[in-house]
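For reference, chains read A, B and C in written order, and residue numbers begin at 1 within each chain.
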Amino acid sequence: MPDMSAIVNPQQRQFNPYAENGGTILAIAGADFTVIAGDTRQSEGYSIQTRYAPKVFHLTDRAVLAVNGFAADGNMFVKKVKQRLEWYRHAHAKDMPLRAIARLIQTMLYAQRFFPYYVYNILGGIEEDGTGAVYSFDPVGSYEREACRAAGAAQSLVQPFLDNQIYFKNQTPAQGSSHPAHLPLPDVLSIVIDSFTSATERHIEVGDGLEMYIVLAKGRTLPDAVTTLRPQELPSSAGDGERVFVLKRDLKKD
Amino acid sequence: MSIMEHNGGSVIAMAGKDCVAIASDLRLGAGAMTVALNFEKIFPVTDRIYMGLTGLATDIITLRDRFRYLVNMFTIKESRAIEPSTYAHLVSSTLYSRRFGPYFTEPVLAGLERTPSGGFKPYIAGADLIGCLNFAEDFIVAGTASDKLFGVAEGLWEPDLGPEDLFETISQTLLNAVDRDAYSGWGAIVYIITPEKVITRTLKGRMD
Amino acid sequence: MDHFPTNWGRPKYDGFDTNATYPFHDHGHNQSAAFAGATQHTQQPIVTGTSVLAIKYKDGIMMAADNLASYGSLARFKGVQRLHPIGDYTVVGASGDMSDFQYLQHVLDGLVISEEINAQDGHTLGPAEIHEYLSQVMYSRRSKMNPLWNSLLVGGVKDGQRFLAYVDLLGVTYFASTLATGYGAYIAQPLLRKAVEGRENTLTEPEARGILEEALRVLFYRDARSINQYQIATITANGVDISGSLKLETAWGFAEGIRGYGSQTQ
C-alpha cells in the first residue's frame, strides 16, 4: 500500500491561534477578606517577554479577577468582563455582586465553547453577606466557590501546599481542639508569599514580581502586621464599603 | 501513556541534622487501575543507606536485585560496607551502562556518610533513568508526584531538622503531594536514618 | 527542475521534495489546497523581514531594523523600509510578512486620516492608541483564523510619556524598556537588557544609538536573514525622525585564522 497520506491530507502548516504565556495565580478567602495574587512574568517557551505584565485585575470595589494562560485571550477576556460590569453599573446604578460576576464569567466563557478563551480564571472578593469568597473557573466556564485555589504553570507545586496550610489536610488537631475554618490576614499573606517564593525557586515560568490584592469587607481595617508592609489602597467608588489594597514585591532574581 | 508513569509511585528523601529521611507511597498501578497497596519502593542497601526506586515496577525489582548483588560483591572484595557517595556512583555507572536501552527508573538515595573524624554526615542523592546524579543539600524527589513534591517540600523543608521534626516534614510533604496525584498514594512508608538506629513508620493515607 | 507550472514563482516548501525524486503518487499535491476552497485562510509568511529592535532612552524611544525583505533564503528586496511613522508621535516597526505589513500601513494611515485629518476635533493619536488599535486588529484577525503574519513594535512619545510595546500575529502584547522581535529576541534582547535596564533615564542619544548598532551588528553576524544596511528611528518630544539607509561596519579579519571559514585551501 503506497503512502496515501499526502493525497488524502494535503500538507499544510496549520496556524495555531494559541500560546502559553506561563505564570501562576492564586487566591485565598478569609472570613471577612480575600487575597488574590499573581506573579508578573510573561514568557513564551524559554524567552521572558516582559518582567511586568499584570495578571490580576481590579474589577469593582469588592471583586478582583486573576487570569492565567494565553495572554492575548486573557487581556481580551478581562476587557470584556469590565465592559459588561460597566454596562451593569449604568443600568442598575450599583456594582454587580460577586456571585453574579461569577455566573457572568461562566456564561461568557461557555459562549466560546467551540473556540475557547485559553485562560484559567480565579475571581476573588467579598460576597453580599460580607464573607470572603473565591471562585475558580476552567477555560469553558465550569466553576465553583472555594476557600482557596492556585492555577497556572505552578498549580501542581502550589495547590498541595495550600491543601496542607489552608485546609490543614493530613493534619490532626490536638485533643479537644479543632482547626480554624479561616486564617487571619497576616497568616494568609505569609502563605501566599511562601507559595510564590517556592514556585519561583522551582518553576522557570514563575518569577520577577508578585502582586497581591487584598479585598476587605465593609467596616474592616488592615491589621498592624499588614499595614507595616505598606500596601497601596485603591480608590473606591463608595467611601464606606469594601476596600481594595495592593501589595507589590520583587521575587528572587537568580 | 508514558512507561515512567505506567505503574505510578513517588519517593522523596530529605536531609536533616545528623539524620536523613526517605519515604515513598505504597501504590502499584497498571495505568489508571490500582492493583496493589503494599508495593514498597525503598530498600535497605547497608545499615546506613536506603534507596528508593520509582518508575516501571519490573525495573524496580530487577534493579533492587542487581544492586544487592553489586553491593554484596563490593562488600566481599573490600571487606567493608559501601559508603553512600561510592554507592551513588555505582548506581550512576550501572544505569549509564544501559544508556541506549535504559531501565525506566529514577533512583533516590539517602544515607549517612562516614566523615574522616569518625562522625556521620547526611548524604542524599538522586539520578535520572540514565544515571545523571543530582546531589542536593535539602531534598530529592522522584516519581509521578515529583512536581507536587517539589512544591510542598520547597515550602515545608528547613535546614537542621532533628529526627522527629524531619519525620513530620517528610510525612506531611509526601502525603499532601500524593493526595493531588492520581498515580501515587494509598499509604506511605517512612524511614528515618540516624547514626544509632533506623526508624521505620508506616502511614495511613487517603484511599479515595 | 520543478515540472509543475503551478509551483513556479512560489516559494518552495523545504519539507517537500522539490526535485521530484519521489514516486509519482507522492507529488504535485503540495499546492492542491491553494485553489481547492472558496477562501484560503491560514497562510504562511512569504516575503519576510527579520528582527526589529527598540529601546527606551533619556529623550524617548529608539528603534532599529535592517532594510532586507527575504523570499525564503533569497535576499529578495534590499532596500525595504520596515520602520513606519504613524501620526506625529509614533513609529511602528515590523518583522514577518512584508505584504501584511504594507496592508497594516494602509490601515493605520487610513486611521490617521479619519481620526485626525477628517475629525479635526483637536484629538490626536499617540503611540498608546496606535498600539491598542493595532493589537485589536491583530487579535481579531487571529480569531478569524486568518492572521496578519507579523511581530510589531510600537514606540513613541506623547505628552512627555515614553511608550514602547509589542504585538504579534496572535494578538499577544507586552511592554518593556527593551524589545526585540524574531531572532533578535534570542540574540539581541540579552545585550539590550544588559545595556539599558536601570539606565532608561540617563542613556544619551549617541549611547542609545551605539547600543542598537552593536546589537544589529551581532545580528548581522549570526542571523542569515539579515543584511548590513539598516535604519534607526528616534521618537522624542521633538517628533519622529527616521534615518536614511545606513551601513553597518563589520570586521571579517578573524576568518583568516579559522579553518574552513577563510581562504585556506588545506
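The definition used in the following text is that a residue touches a chain if its C-beta (ideal position, glycine included) is under 8 Å from a C-beta of that chain, and two chains touch if they have at least 3 such contacts.
For reference, the UniProt names are A, B, C = Proteasome subunit beta.
On a predicted model such as this, the values are computed, not experimentally measured, just so you know.
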{"item": "Fewest hops from chain A to chain C - one hop per pair of touching chains", "value": "1"}
{"item": "Chain separated most widely from chain B, comparing mean CA positions", "value": "C"}
{"item": "Most centrally placed chain - per-chain CA mean versus overall CA mean", "value": "A"}
{"item": "CA centroid of chain A to CA centroid of chain B, Å", "value": "35"}
{"item": "Inter-chain centre distance, chain B versus chain C - centres from mean C-alpha coordinates, in Å", "value": "51"}
{"item": "Per-residue multi-chain contacts in chain A, two or more chains", "value": "none"}
{"item": "Residues of chain C touching chain A in the complex", "value": "13, 15-16, 23, 25-27, 29-30, 32-33, 36, 41-44, 139, 142-143, 145, 147, 166, 170-176, 185-186, 189"}
{"item": "Footprint of chain C on chain A - complex, ascending", "value": "2-4, 6-7, 10-15, 17-19, 21, 42, 44, 47, 49-53, 70-72, 75-76, 115"}
{"item": "Chain B contact footprint on chain A (complex, rising order)", "value": "154, 156-161, 163-165, 169-171, 194-195, 197-199, 201-202"}
{"item": "Residues on chain B engaged by chain A in the complex (per definition of touch)", "value": "147-148, 150-152, 154-156, 171-172, 175-177, 179-180"}
